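After this come two complexes, each holding chain A, first together with chain B and then together with chain C.
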Partner chain A sequence: MRLLVMKRIACAALLLLAALTTTGCWNRIELNEVAITSATGIDWDGENWIVSYQVVIPAAISSVTGGSGGGGPKSPIIVYSTKGKTIRDAIMHSFSESPRKLFFAHNRVVVIGEKAMNRGINELIDVYFRNSGSRETVSVLATPGTARKILEQFMQLQAISGAGMKEIIISEMKNTSILPNIPVYQLAMELTGDAKSAVVPEIFVSGSGDTSSLDSFSNTSIPSKLKLGRLAVLKDDKMIGWMSRKESLGAAYLRDSVQQSFIVVPCEGGEGKKGYDTIQILKSSTKIIPKLRGSKLTFTADVDVSGTLLESNCAQDLYKPGVIQGLEQGGQVQISSLLQDAWKKGQQMNTDIFGAAEKVHRKYPKQWKEWGKNWDEVFKEAPLETKIKFRMARMGLSNKSFQYLMDKREK
Partner chain B sequence: MPNDDKTTKQYENEAPKKETKPEQVLIPDLDINIERLHRFLGGGADIVCRTLQHRSFDNARYALLYIDGIVDGIGLNTMLLGLLDDANRYIEGGVESSLYHHLTERVIANGKLGEVNSINKACYAMLEGSTILVVDGSLRAIIIDTTGGKSRAVEEPSSQTVVRGPKEGFTENLRTNTSLIRRIIKSPDLRFDYKMIGHQTRTNIAIVYLEGIAEVEVIKEVHRRLDAIDIDGVLESGYIEEFIQDRAFTPFPLLQNTERPDAACAGILEGQVIIMVSGTPFVLQAPVTFVKFFQSSEDYYQRYDIATFLRIIRMTSFFISMLLPSLYIAITTFHQEMLPTSLLISLAAQREGIPFPALLEAFLMEITFEILREAGVRMPRIIGPAISIVGALVLGQAAVQAGIISAAMVIVVSFTAIASFVIPAVNMGVAARLIRFLLMILAGTFGLFGIMSGLMILLAHMCGLRSFGKPYLMPFAPFVASNLKDVLIRVPWWAMRTRPTNIASDKNITRAGAGQKPSPDQEGV
Partner chain C sequence: MKPAISTTQTVALIQSAIAPTMVLAIPSVMVSIAQHDAWISGVIAGIVGLLMALIIAAISKANKGQYFVEWLEGRLGKPIGIAIGIMFGIYYFNNFCVIVRVFANFVSDMVLDETPLFMLVGMMVVVTVFTVLQGIEAIARSAFMVLLLILIVVPVSVFILYTDIDFKRLIPVFDTSAARMAVASLPPIALLSEVSVLLILTPFMKKPASAIRAGLFGSLLSSSQLLLVILLALTIFGPQLVPMLSYTFVNVMAIVEVGEFLERIEIFTVSVWFLTMYIKLTVFLFAGVHCLTHSLRLKSKHHVLLGLGLLAFVTSAGEWPRNLESGYKNLANMPQLLLINVGLPILIALGLLVTRGKRKQGGKQRS
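Let's turn to the complex of A and B:
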């Protein structure tokens, strides 16, 4: 009996030990042995990959005085680069210059330089999907210069600019939706989709000079800032051009990625004065419906938006339904033109970033066999019709515009 | 069973377990009897012998023997007065029978009398606190119950305090303790079975239960296990606990103990059997389940909503106290990606310059805390504040400032310590403490995988535990839906309609009548 119990315990212990080997690697590492990477930069110098790392210096960030004495302000981050034939090769070279092992699990953004974007980024996606250390939710950003330059910039309010960049793109997407947040997995999905096209938001240094020194923060204004800009358009993993912010917003509507946005609608201020109404888009949903007219493929974008009036400087009496209808019509025209511009730009660049290919593939699987071979040609010829349902949900707290009240008093 | 002669026998008369001395009988000669009684007890100074002469008859002699200090002095004096005052003529005839009967039936004003015919039994009765009356010419001696002497008064229990609820606690005196129970449960079905364990200490033990509510099998099993105990002394119920628990090697307590009569009575009403040991205020309760250790008697006196909330807090605290240091070790040394970035950075900042790995750091702090706690319990009360200063300032703050221990680790250890005090049952808190160290080692070597396998082994172990034959993890395994009303939540009293099944006897399960939920539109109100 006792022997049996002992045997059982030995068995259980053995199984536990066996399970050890299945975990793959011995990954015990203390917190002060890792270099927490907050942002990675990828550049291409024509022959080699240059990978830059923005590494967090915890002691400099935390208010806790963990032993290290005072002194002047210390940089909370440090940036360095390594070079290699492949991306992983470059990363491996980091071991010869960093006292700590690079730790990518908390990496927030990967910034890709323009040269690398032009060359193609298949390798990068492969690195992300093959290794467990880095997450596929990392946001991808493109920059017209070198990625390293972006990583070196300090940011206001956020000590770690890598995390800051992620926060900017997330908040931008939530509030204005001009540029989408593109995580690595989404980029990979779009590039392997039917259209083989994708978009990546741009980040650039605006202003003169750079803010790579903490000294800049002794002034109330800093010489330069990291800023989101245009939208990089990719085809077959290579960048083929930029879309302006306006076109980018149109693309966002077409891609149905608008969460919250705004439009500025011109209005008649009466007595020939020109004014503008600012409308916040609270809800938006878009359906792209392909249609076959004869043998010609056409698309209809069915957009359903509702908004609230944020600002009005026309003399309007918003009690009148007609005025509201006017606003709605203005919004429809605006959005329609946004969509058309974006669509045309896409056709011009010969790339379908709107996901139209998938829609066609699903609706006309038979014809797709033919079209799929030269989708670009088909897409180029396909016109877009817009059907926009614009609903003004709220007018804000005051109904009559202030301008209207002023005008009335004058009379 | 409960009406069995053996179990209802009064403990005073029961023969000791292991008789080492040869049995001696009383003989008609008073002086020789006294001499033998003295010799049997070794003739200590506290053995008092008072020889009396009947007022009316010269040849009617008798002697009172008792041990000073363990008898009730006032009762003894009253009795002595009665004996001395006795001027009645007893019925003429054979001296032996009539003086003896005269004394027992007319003179001795005492409630409880007994008789023995052996020196040994008479001496054991004296050791219990009885007074022996030896009559000249009689073959029997009278045992007069004069048990008394100094004992602690009923005070507020020190280990299980409540804000609302009775403030009485058990004492070291078994008779006081049984009376406390009797005063709460005034049922004729309340049974007290007495036993005596320990050859030398001859400790009295009472088994208390409600007949018809406690399961007969459990009562039998309690008797069987207690009868099997063979030991020289029992100084506390802990001695008994280790003999009668179902499994010898387990960190989990398989018997509950309480210092509170109300908690003991609550157990009795749920069908538990209470084992009271003379000389300790802690009584044992059996059978128990794991969840019982998280129930405080106050849960039932406060409103059910707050009681439910507190119970969940207690369960959480148990897991915190068991797991927090090991989770901290596992996550910071194996699974850094699980932490939010800002938390990781602040933890990393604190770990800068710490010379030890997290596992060693945690061990250092945990051991330090255990030493502090033990010091707090052992040292004289007056030095108390000194140790808290040393503990809090020197070991906590200074260790962090010196860069030996990270501040986060101090937080983890102190939170763990505080959480461990939330568990109402001290013995369950101890289990969490021991398991904590094991899990810390597992976490430091295998990470979360280690913790998970440790917990799984623990769960398997717990599934195998029994308390007097009742599954320890009931009502979860086996799953008993009706028992869940008093586990994670405590339902209101009007909804607590049945006793926990499988603990109490299945025949008598109803506890409260139906339809007692208060509502404003009751008829006739």
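Let's turn to the complex of A and C:
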């Protein structure tokens, strides 16, 4: 009997001991021992990588966003940089100046300075795929100056500018589609693709001066802000130039990455008065079809777009079928010219960022074995034909433009 | 009393014995060889896998309810029976050690990077030994539960990833040479040959007559999982990037980002995969202990289990100083896998054919 009790006690003690081992991982790290990074900057000074970190200060966030706290507003983020022969070497140097260990799991964006972009970014992609702490869904942005300067800027409405930058690029992609959101894994896919070309959106400081001090927020307008700009074009892993916003929108159509967008179409009202119609693109799909004419490779971009009228300042009666047709034709011309401009720019830059190489590889696998060796030259000579199907799906809540009513009254 | 497992549980056991290691490292190896035609290699491997399952099941059907080693001794004579039993025993034990190490490497790569390897290996061995102690019925029931989880996780994963999938990335089909496609199908074929565990499991089945069904479904479930991972990887990442990813199925799930509320869901997939891996470990340790106990005429299975567990712990933690050495090459050690899982069963089948006339009921059944 006694033995049984002893056995039970021993079992219970053993179970309790086992419970001790389930309390956590071998090396526990408390939340207040990590420095949560919201944005990372990568620069190249000619010899070394300079990695900058935008680290969140949780305690200070509430004071910025309106919570109570002693003293004035404190910066919710702190930015510092370290230098090294490799990216991870630079990150290791952060241990000698930061009381906390850098934690990259919540990193939202990685901003790359122009010099680093020109040098090549293979190492950065390797870092992202090799380490489990950093995520491949982080958005990549390029900047004409240094990445550190971008990380230092405060942003309106969003206390942590790293998270804000990601929100801006996602919102831009959803609503205007001029610039795409490029996560690290997509960048790697494009760079290893058949054309070995990729794009990265630009972020820059617009306005005069900078907004790296909270004092700027004591006024209703800030001297400068972070803004998305052009599109950086990469060949292999190096940047070879920029595309303007207009060309970038054309590229978005060709890459079939337009979710929603807008176009401004010139229009003509009664008595030759000129104005503009603004059309929101609700749906868009593009097929790039390679064709062989003789031995020459050509491409046709088959674009199917539907839109809604957002604004009109021409005197037009939208009940009339001719007016709608006019709008649709105007849209077709606009989109066609966007596509041609982007295609020409791509050819000028000698790089195929439109995925044309993949399309050719799929359609002409045998010829691709030859073309693939010299794709840039083949692409440079290939003309693009556009076939735009533009449909005005909705006219908004009024069927006649206000200008039309005014003109009619005058008569 | 002899424990009994149902046909569905046997299917679950077989798929758990094959799939977890196959979906871990094989897809990226296959894609690096056959590029975007790797899925065709997956289909080829699946068909060969079914054929192997058919052969193994046909052989095991000849066994009318005796334990594997005893049955062989009865049919082929004691020395041959014992020799085959020992070979199988060593194979299962050896592979158990390799799988524990590969599993521990994965855990330390993905999540617990600072936990010492001996701790991870130790925990895995302890959990496996504990499960094997509960007997084959407990293992079979757990395997069935895990199979149910897989059947939930797979459709959910595909649904979440739906928008990232682009089937055009598989075109042009048959772009890779037939030779490359054939070479790429070899590693999964080698692993699919692990269906030979059915030889050991059949005597425990309630209906040994349905061994063929269990073998075929088990093999089919495993190759379908491999095919699914290859297809997801190719249609999401394309053929160029996949060879760079060590653990393809984890990377595939890691890119899911729905708004700001659904992120990092790979942990769910990995958790279910962990469970299948534990079932694989228990099946292998069980098979090893079973073969060695019977071949070496040992009286206490429990002592053999504890002894092998201890040996496995030391081997897994100490055998390979570098993680790389214990990786894919050991996992898909083709000559060894094919010799034990295909070569030996064929020899057994030949032996059975030769001794068909003088069949005798040899050996007492041991519990």
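FYI, the second predicted complex is superposed on the first by the 376 of 411 C-alpha atoms of A that agree within 3 Å, B and C clash if a C-alpha of one lies under 4 Å from a C-alpha of the other, contacts with A are read in each partner's own complex, and residues count from 1 in each chain.
To be clear about the criterion, a residue touches a chain if its C-beta (ideal position, glycine included) is under 8 Å from a C-beta of that chain, and two chains touch if they have at least 3 such contacts.
Here the structure is a predicted model, which is why all the values come from computation and not from measurement.
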First, second, both or neither for A:E136, with chain B first and chain C second: second
Chain A residues touched - chain C or chain B, whichever exceeds: B
Partner chain in contact with A:A12 - chain B first, chain C second, else both or neither: first
Which of chain B and chain C A:E30 touches, first, second, both or neither: first
Touched partner set for A:F95, first chain B, second chain C, both or neither: neither
First (chain B), second (chain C), both or neither touched by A:Y185: second
Which of chain B and chain C A:F402 touches, first, second, both or neither: neither
Contact residues of chain A, present in both the chain B and the chain C interface: 27, 105, 135
Touching residues on chain C, where the partner in the complex is chain A: 109-116, 119, 168, 171-172, 175, 237-238, 240-241, 244-245, 251, 254-255, 257, 263-264
Parts of chain A lying in touch with chain B, wherever the complex brings them together: 12, 16, 19-20, 23, 27-32, 34, 36, 38, 56, 58-59, 61-62, 64, 66-68, 103, 105-106, 108, 135, 160, 163
Contacting residues of chain A [partner chain C, same complex]: 25-27, 105, 129, 132, 135-137, 183, 185, 188-189, 192-193, 358, 361-363, 365
Footprint of chain A on chain B - complex, ascending: 332-334, 336-337, 341, 344-354, 357-358, 403, 406-407, 444-447, 449, 453, 457
